[in-house]
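Written below as structure tokens is the structure these notes are about.
Labels run A, B, C, D, E and F following the written order; every chain starts at residue 1.
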Amino acid sequence: MLRVDSRKADELRTITMTPHVNKYAEGSVMIEAGDTKVICTASVEERVPPFLKGQGKGWVTAEYSMLPRATQTRNQREANRGKLSGRTMEIQRLIGRALRSVVNLEALGERTIHLDCDVIQADGGTRTTSITGAFVALALAVGKISEQHKLNKFPITDYLASVSVGIVGNQAMLDLNYAEDSTAKVDMNVVMTGKGAFVELQGTGEEAPFTKDELNSMMGLAEKGIQDMIERQKQVLGTIGDKIGAVTHA
Amino acid sequence: MLRVDSRKADELRTITMTPHVNKYAEGSVMIEAGDTKVICTASVEERVPPFLKGQGKGWVTAEYSMLPRATQTRNQREANRGKLSGRTMEIQRLIGRALRSVVNLEALGERTIHLDCDVIQADGGTRTTSITGAFVALALAVGKISEQHKLNKFPITDYLASVSVGIVGNQAMLDLNYAEDSTAKVDMNVVMTGKGAFVELQGTGEEAPFTKDELNSMMGLAEKGIQDMIERQKQVLGTIGDKIGAVTHA
Amino acid sequence: MLRVDSRKADELRTITMTPHVNKYAEGSVMIEAGDTKVICTASVEERVPPFLKGQGKGWVTAEYSMLPRATQTRNQREANRGKLSGRTMEIQRLIGRALRSVVNLEALGERTIHLDCDVIQADGGTRTTSITGAFVALALAVGKISEQHKLNKFPITDYLASVSVGIVGNQAMLDLNYAEDSTAKVDMNVVMTGKGAFVELQGTGEEAPFTKDELNSMMGLAEKGIQDMIERQKQVLGTIGDKIGAVTHA
Amino acid sequence: MLRVDSRKADELRTITMTPHVNKYAEGSVMIEAGDTKVICTASVEERVPPFLKGQGKGWVTAEYSMLPRATQTRNQREANRGKLSGRTMEIQRLIGRALRSVVNLEALGERTIHLDCDVIQADGGTRTTSITGAFVALALAVGKISEQHKLNKFPITDYLASVSVGIVGNQAMLDLNYAEDSTAKVDMNVVMTGKGAFVELQGTGEEAPFTKDELNSMMGLAEKGIQDMIERQKQVLGTIGDKIGAVTHA
Amino acid sequence: MLRVDSRKADELRTITMTPHVNKYAEGSVMIEAGDTKVICTASVEERVPPFLKGQGKGWVTAEYSMLPRATQTRNQREANRGKLSGRTMEIQRLIGRALRSVVNLEALGERTIHLDCDVIQADGGTRTTSITGAFVALALAVGKISEQHKLNKFPITDYLASVSVGIVGNQAMLDLNYAEDSTAKVDMNVVMTGKGAFVELQGTGEEAPFTKDELNSMMGLAEKGIQDMIERQKQVLGTIGDKIGAVTHA
Amino acid sequence: MLRVDSRKADELRTITMTPHVNKYAEGSVMIEAGDTKVICTASVEERVPPFLKGQGKGWVTAEYSMLPRATQTRNQREANRGKLSGRTMEIQRLIGRALRSVVNLEALGERTIHLDCDVIQADGGTRTTSITGAFVALALAVGKISEQHKLNKFPITDYLASVSVGIVGNQAMLDLNYAEDSTAKVDMNVVMTGKGAFVELQGTGEEAPFTKDELNSMMGLAEKGIQDMIERQKQVLGTIGDKIGAVTHA
């Protein structure tokens, strides 16, 4: 079965990562996965949230937003509605949690890194693309403060990337675009490390429950896709990437 | 290794389900899992949200809240802060999505069922306990409107329950209480149907990534725990339960 | 004239007070007045609000809420509407003010006691029942910190309870349930101390103004009802109750 | 005992009512009680709130606000804080309820009268002064639409005014100013009709409970003060006042 | 061409400034321009906002609001809608900015002056009238703290007033009332100092763009109108006015 | 005097306009003015806001936002603070008003065009750059619906662009970047049409008032800069631009 964009079931969309797209941010990247485009910036702040004060630990947190016309139909801005939607909160909690899983917060020191993922154009997979891009922005920012000799050890413990998988028709498929996503009976987002361990697994079968076999097929695709993503991250990060993994997660 | 409350790794906490605890609600149950206590009510409203008007379909939606002193330390009410936390939104979206996966909305007709899950006391697993209880409240309410001959077919397609599993120390464990949950390196919530298919899978390894083997161990425990939960649901629902599965999910 | 539930005009509904219903709260009680059920918890916090800092005085404050299906028709949660209704704010101000009238705040020391009154099921008189129950939760919590030798003197100066009275038809009646309340032409909430003095009096004749004679009849009923309530409080509090009144209100 | 401003215990402050202070409002008055100054406007809207639609009845509602520097110390605007305080909500609910008690809503027809009470300067008794002034604005507005032959019957059933009383030292006093109010051990607001019946009674003894005798003394003072207020209303309203009482409250 | 109120094109409406209308505020004035009436109060607070702490400088800030029935049709209160409108925010930012342009903040010392402009009745030009009145309230308040020897130098550097001009029909006109404003094709608000320099210029031709010649005509009228306004300010301020200009703007 | 980036006083920064940057929007452009980058999209909605319903007229409205790290220091998202800042509201009101001045709303028909101006990177002049870019997005969108034969006449009446001018040191300068803007004593934003008439003029001399001569110098620079901008717009719009001006503003 050919997919709408002629990809094979286990094939990623065209992935592009353009680093340094923002002149102010300590780390930034424009990541594109097919027609999905996300600007990820990492901002370093030399203090931590109140709940961490004085503990010698840092913090990594994320925010996610879509421009109003990132989608087929224009969406109302959340700033106008006066509050974040449940979907946005869920996504930004996921991004932050995922990134913290590969950061040794003690080694980061008492500073906060804010990851901002702003979706410029959306065509499926915005949350997984945001995680993959945010990792790059984070590594670039950490690389920068590392060069400034503010860190004793490089605090990133492993690579991290994410991809979506799903069951469309009766077939497991990798990296769904919007058209596939809206007809999928199962939708799963997977976050994995460079060493191949799971960090997050969120599968939902609102349209139809799924079996263990289907779960296994999807996991296999996700594993392959994420390792491909991590290869691209390595190319973009260059020598900064070599420092990853010097310490382990606390 | 013995657990803090002397349970075996694959043992549920004491589960109690007391139906009809509210004199107004069409369906209600107080569900207790160890020291976690949740009042679940199902309220039937004879109309649907605007986005479904005129489509001949119903809707099932959920809200979740904790009393301020449900926990060790008193929490500020979300009504006072003026907005729901990300955690609350994530949980109530999960509950609603899970329940809709076993309801044929066409068979329900143009009405909404509101599930309210109010946590009276929390000791871990409040979201999974809420799903298991909400299913009972939902079935009781559907049973009631079915008796009033408002339905052509009984719209619930299968049983549904949920449980948490995790890796504590190096061991996979079923149905974590708060003490276990706060030391677990992996925390996973699983929702399954009576036929044993997955509806939701949410695993997070913020403290440490997890392997495929660990994932498989957790899934095995979850499967067993959920089938036990469904046995209790059957006892509480009695003859209403016999009508479940007459139609399939649309 | 017989009342809808066969009570006499000066008869309270069945009152039940179940203490220690919450394993975390310093004081807690489930109070039932007929079909009205309220969980009252008292939470002790070892600091005071900013406006009292450094004055050597404590604070007592209350919050009130109803579960969405506490009533015949489901109500929207105030957390969803993003703000408290005027009715809720009025009630929680009343509860806090009433309880503070029998607490010597200097003797309490620099700590805050939060009373949470959560209405599980409502059938009239939820605010008066909340006050009566909150007093018990407060006394239990104060009893607990007294046992921990944190207090020089027991800071509660007198018993306190509350009841509603009204004019239904042309007759003054005690402790209205919802059916009576909605046809009453006058509705009055009275709070009194164990010594029989008034703390709060809130009477409203939106449907029809009332005369001095009617006021006097209602006051007589309220006095009797409140002394009955206080008898129940004494039974529940036992020896803790013996310490009440050791100091006077500052 | 002489009062701070040399008044006798049963003496009102200087009362002034200046009608027609607003060129747009259907009814308006500036009411002054000592240094308390309130602009009351009545705005007629030819429709009713959703909950009354199609019932052939009207509605009367009130809003209350203080200018930021109405008081000794500047207060933050509620519009800036993004929500009304509990105090404001309590007061505007009271004003609306009190005024509705003397309006036959069927005779008013399907229209809403909005009473706005804006406190320009506050020196105690702002809520009672607002009620007394709002009644005048309401009567002027009803007089105006009556002249336009929009009403079959004059819908105001009786005069209505309000005053505060309290126990200062050990003496009951009428119409407390701010200095007295802040030292009073009991504070009571009373609303009465022209025929001398009670509409609202709100007494609070946060500082000290009060006895039946004290209650009676305060009620006597309130009765006298309110009848004096109503005399002033009659002078301001002139012939419009003659139409009051033609119908009774529904 | 005669104007609706028989004024000449370059003629101001009747201007009245009544100082000391508020017994609490350090400075206050009721300013009337035709039927537009604004109460302006200046409140002195002996501290500065966080962003200025410890810099030895003061702050001047303004808030603007309209009573609900200041206009032909009643407006909803912004406190009820839970937020300020864009129009209100724009106006109060303008008032604050304009006043700060004639205050030497170092000479003011570490204190804040809050200007509150509350529109009691609106008939066009409420923002310009507010600026002119707020300057008087500010000068009175500064005069008062100057008399208390809290200031080394009088910190107001120049007089300041504001007026609106516009093109109605094809003619430039000064000080538009509401009827003129709503038919004007161009509307311009001008703020100038006593020395005749511009502080703010806000012209908008939503209905039709305007030429340089039209701009020049409007500027000429504004200049004349503002100098007239400043004459009135001088009369009201008396000897306080003589101190203005002792220091220059920092 | 050379400027920080070696420009002459009357020289624009490098301007780039990249059309069609968004695959969903009816019109879109990325506009760059030096390091200021704004994505402008125009979204066509086939209905009008309630206040225009049934009048046969269309509407044009704008929203403005900055990504959190568009600036040197990261800014909190307005969606997180729960409300728009006064600055944002002021800017988006300005953009909408300016664009409506060159659209014949009757000729547009009953549809709304939403202009979204999202600042990706900010280096001064974001509001003027947004207006210039939004005009291009608007024209592209109108061009598109015109091609679909939904319009009888092309509703855009003239070109429109905007630029900032200011007094830096003692010299009038065109198109200030952030470094210049923060030291300018006067800052003025000018919006003009292709025919050279003024649409908006907003000048503010918070740091120092300005003279008529300075105003005239600034206006001259603005005129030149805006005509340059309009030349670029013409190149981007091509044949669509030829239709502009077929009708006049209503």
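Here is the rule we use: a contact is a pair of C-beta atoms (placed from the backbone, for glycine too) under 8 Å apart; a residue touches a chain by one contact, two chains touch by 3 or more.
Everything quoted here is computed from the prediction, not taken from an experiment.
Asks: Tell me which chain's centre, taken as the mean of its C-alpha atoms, is farthest from chain E.
Replies: Greatest centre separation from chain E goes to chain B.
Asks: Measuring between Cα centroids, which chain is at the maximum distance from chain A?
Replies: Farthest by centroid: D.
Asks: On C-alpha atoms alone, could you tell me the rotation angle mapping chain B onto chain F? Nearest 5 degrees is fine.
Replies: Here the rotation carrying chain B onto chain F measures out at 120 degrees.
Asks: Indicate the whole-number Å distance between the mean C-alpha point of chain E and the mean C-alpha point of chain F.
Replies: The separation of the two C-alpha centroids amounts to 29 Å.
Asks: Report, in whole Å, the distance between the mean C-alpha point of chain B and the mean C-alpha point of chain E.
Replies: Whole-Å distance between the two chain centres: 60.
Asks: Can you check how far apart chain A and chain C are, centre to centre, with Cα atoms defining each centre and the answer in Å?
Replies: 52
Asks: Give me the residues of chain C that touch two or more other chains.
Replies: Within chain C, the residues that touch at least two other chains are 82-84.
Asks: So in the complex, the part of chain F that touches chain A is made up of which residues?
Replies: So the residues of chain F in touch with chain A come to 22-25, 28, 35, 39, 41, 43, 45, 63, 65, 67-72, 74, 77-80, 82-84, 88, 114, 116, 118, 120-121.
Asks: Which positions of chain C touch chain D when the two form their complex?
Replies: Checking each residue of chain C against chain D gives 83-87, 89-90, 92-93, 97, 100-101, 158, 188, 192-193, 195, 197-212, 215, 219, 249.
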